[in-house]
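To start, I am sharing the structure in question, which I have written as structure tokens.
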Amino acid sequence: MELVVKELGVARGGVRVLEGLSFVLGAGQALILRGPNGSGKTTLLRVLAGLQPSVAGRISVSRDSVAYASHADGIKGQLSVAENLHFWARLHAERDITRALEAFDLRALQDRLAGALSAGQKRRLGLARLMVTGRPLWLLDEPTVSLDSEAVALFGAAIEAHLQRGGMAVIATHIDLGLTSARVLDVTPFRARRPVGDAFDEAFL
Amino acid sequence: MIALLMRDLRLAVRAGGGFGLGLAFFLIVVALVPFSVGPETALLARIAPGVLWLGALLACLLSLDRILALDWEDGSLDLLATAPIPLEGIVSVKALAHWITTALPLVIAAPVLGVLLSLPAQGYLWLIVSLLVGTPALSVIGTFGAALTVGIKRGGLLLSLLVLPLYVPVLIFGAEVARRGAEGQAVQVHLLLLGAITCGAMALLPFASAAVLRVNLR
Amino acid sequence: MASIWEYANPRKFLETSDRVLPWLAALAGVALVVGLVWGFFFTPDDYRQGSTVKIIYLHVPSALIAINGWLMMLVASLIWLIRRHHVSALAARAAAPIGATMTVIALLTGAIWGQPMWGTWWAWDPRLTSFLILFLFYLGYIALWAAVEDDDTAADLTSILCLVGSVFAVLSRYAVNFWNQGLHQGASLSMDKADNVANVFYLPLLVCMAAFVLLFLALVLLRTQTEIRARRMRALLARERMS
């Protein structure tokens, strides 16, 4: 399986932010997105996840093969760690959550209410969710926020393992995750150009 | 889908407010009615079906913004939208969970409150039937309203403004069935029409709710 | 032949409506003056209703616009949902306050007419109730437009609300019929029995209805222009932020 993005254009709030973006990602590969704040990394990931329509170009991957993780983890504080994971696992027709618990060192916390976790522990739980979706393409938006260096290492290892099994990952981050095979894509050159002239079209731009 | 339903039910139970608040509100509204119109039994008996229906409707309305807003705030909605279940299914399950946690307790409590308003004995059966048939429509329509206002901060008031006009047909037929039941008249026509509205709403509105939710998520 | 969708381009729309608008406004003004003066001063008093009947020249046209204004919003919303022409969404937005105002006028004039005729300002008659509900739908629609910040999102949400609302408005209309048989007379005007209302009243009423339609069109064009310019301004601000 392969992710092919061709001449993609994405818009945020009706304004184009990126255009002419093309890349190919094969099985077992990871792509790190770089670029200043507001350059459209989050928007690009949401488009790839199928949450938002693109304004131009093609994406080869179907939305059934992506797992998306954003700033918000979607964790319910009134449920325990294990219950949170079980829910996402069952939603994706998976059964086993022990592998995810172990990979993010959540074994000891599994019966604790998620509301009682620290920010970093919550983040780990949010990332563990990716492993129970059983989906090949992970789309990660600043996944290392509020993680300590130890947890970052755990996370890096989890991604490596995922890639080993033929998975893929697109990650927007500024931290070095220790991924040996990852390519870096700077989105700055693809920033959308301002429309010139005074004429305006249907979109008023 | 069952996983989602179980999760929502569990959350409603653990969060506390789920069952309790709507029921308490229903009780208070009904208890306030005699204070405002007087304790005369004949009058109370006459208006009881309508008051009970209106009270149940308002109690339903109170909890609508919780259907989607909580999942929106913590990002679950984004993740649910990328899950294998289509969004139409998700909003249907959400409406079902709302019905079970909010409307069903109201239906069960309604006859008890009917005693407070001296509802005639023959009215209880049709009161329960009309609420059972009508409240699913309230939940489904309410989910549509919740989906419309999910991205708006403090959208609660707007939600009421949008949803209440949509509730009019359900209220008219539901209260009419309960009233006719209490007065011993035939109820079939109105009950069938109420059922038709509920079926229609359950069949079609999830598509509108899902479309609206997709717009709000992007 | 040029396609009608050409006018969905904001620029083209502004150019064309700039040319049409003065004529339309003048025509609406003339028709309004002629219709109302004719209706108020040059028709005989009704033998039963006396001079109160003359409020019909405001009541019926405003009710006509109240309903057809919503219909126009429905069509515009559908065009936006299907063809994604921004002007269409903005036209629907522009029409809503006008429709709401017309609904209020219809309700008020109806109350003023009802007082001497039925002895009450308000009755829960199916027609009156339906108009009240229609007014609530207008309010909700306008409030939703105002509450959503992103223009495209607001256009999508309000369009779907308009669609769903239309279905429920029709449902409500028939529901209230079941609920209460009313006082209101049946429709006074219809194609097959124009003799319902005598010709002396009928002709000025037609002029008034035409005048209200023209007035509505002129106001919608004007307000759509305003919306387009406001939208263009926001787009320019967004463009500034891009660089």
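Read from first to last, the chains carry the letters A, B and C; within each, the first residue is number 1.
We adopt the following convention: a contact is a pair of C-beta atoms (placed from the backbone, for glycine too) under 8 Å apart; a residue touches a chain by one contact, two chains touch by 3 or more.
All figures in this text were calculated on a predicted structure; none of them were measured in a lab.
Taken chain by chain, the contacts link every pair, so each chain touches all the others. When the interfaces A-B and A-C are ranked by C-beta pairs in contact, the top one is A-B.
Distance from the chain B centre to the chain C centre is 32 Å, each centre being the mean of its Cα atoms.
With centres taken as mean Cα positions, chain B sits 37 Å from chain A. Taking each chain's centre as the mean of its C-alpha atoms, chain A lies 48 Å from chain C. The residues of chain B that reach two or more other chains are 218, listed in rising order. Shared interface positions of chain A, defined as residues touching 2 or more other chains, are absent. On the side of chain C, the complex with chain A involves touching residues 8-11, 84-86, 150-152, 228, 231-232, 234-235, 238-239, 241-243. Considering their complex, residues 144, 148-149, 151-152, 155, 158, 161-162, 164-166, 168-169, 172-173, 176, 190, 193, 197, 205, 208, 211-212, 215-216, 218 of chain B touch chain C. Only residues 2-4, 7, 10-11, 14-15, 71, 73-85, 217-218 of chain B touch chain A when the two sit together in their complex. For chain A in complex with chain C, the residues that touch the partner chain are 13-15, 192, 194-195, 199-205. Interface of chain A with chain B (complex): residues 46, 49-53, 63-64, 66-76, 78-79, 83, 86-88, 90-93, 129.
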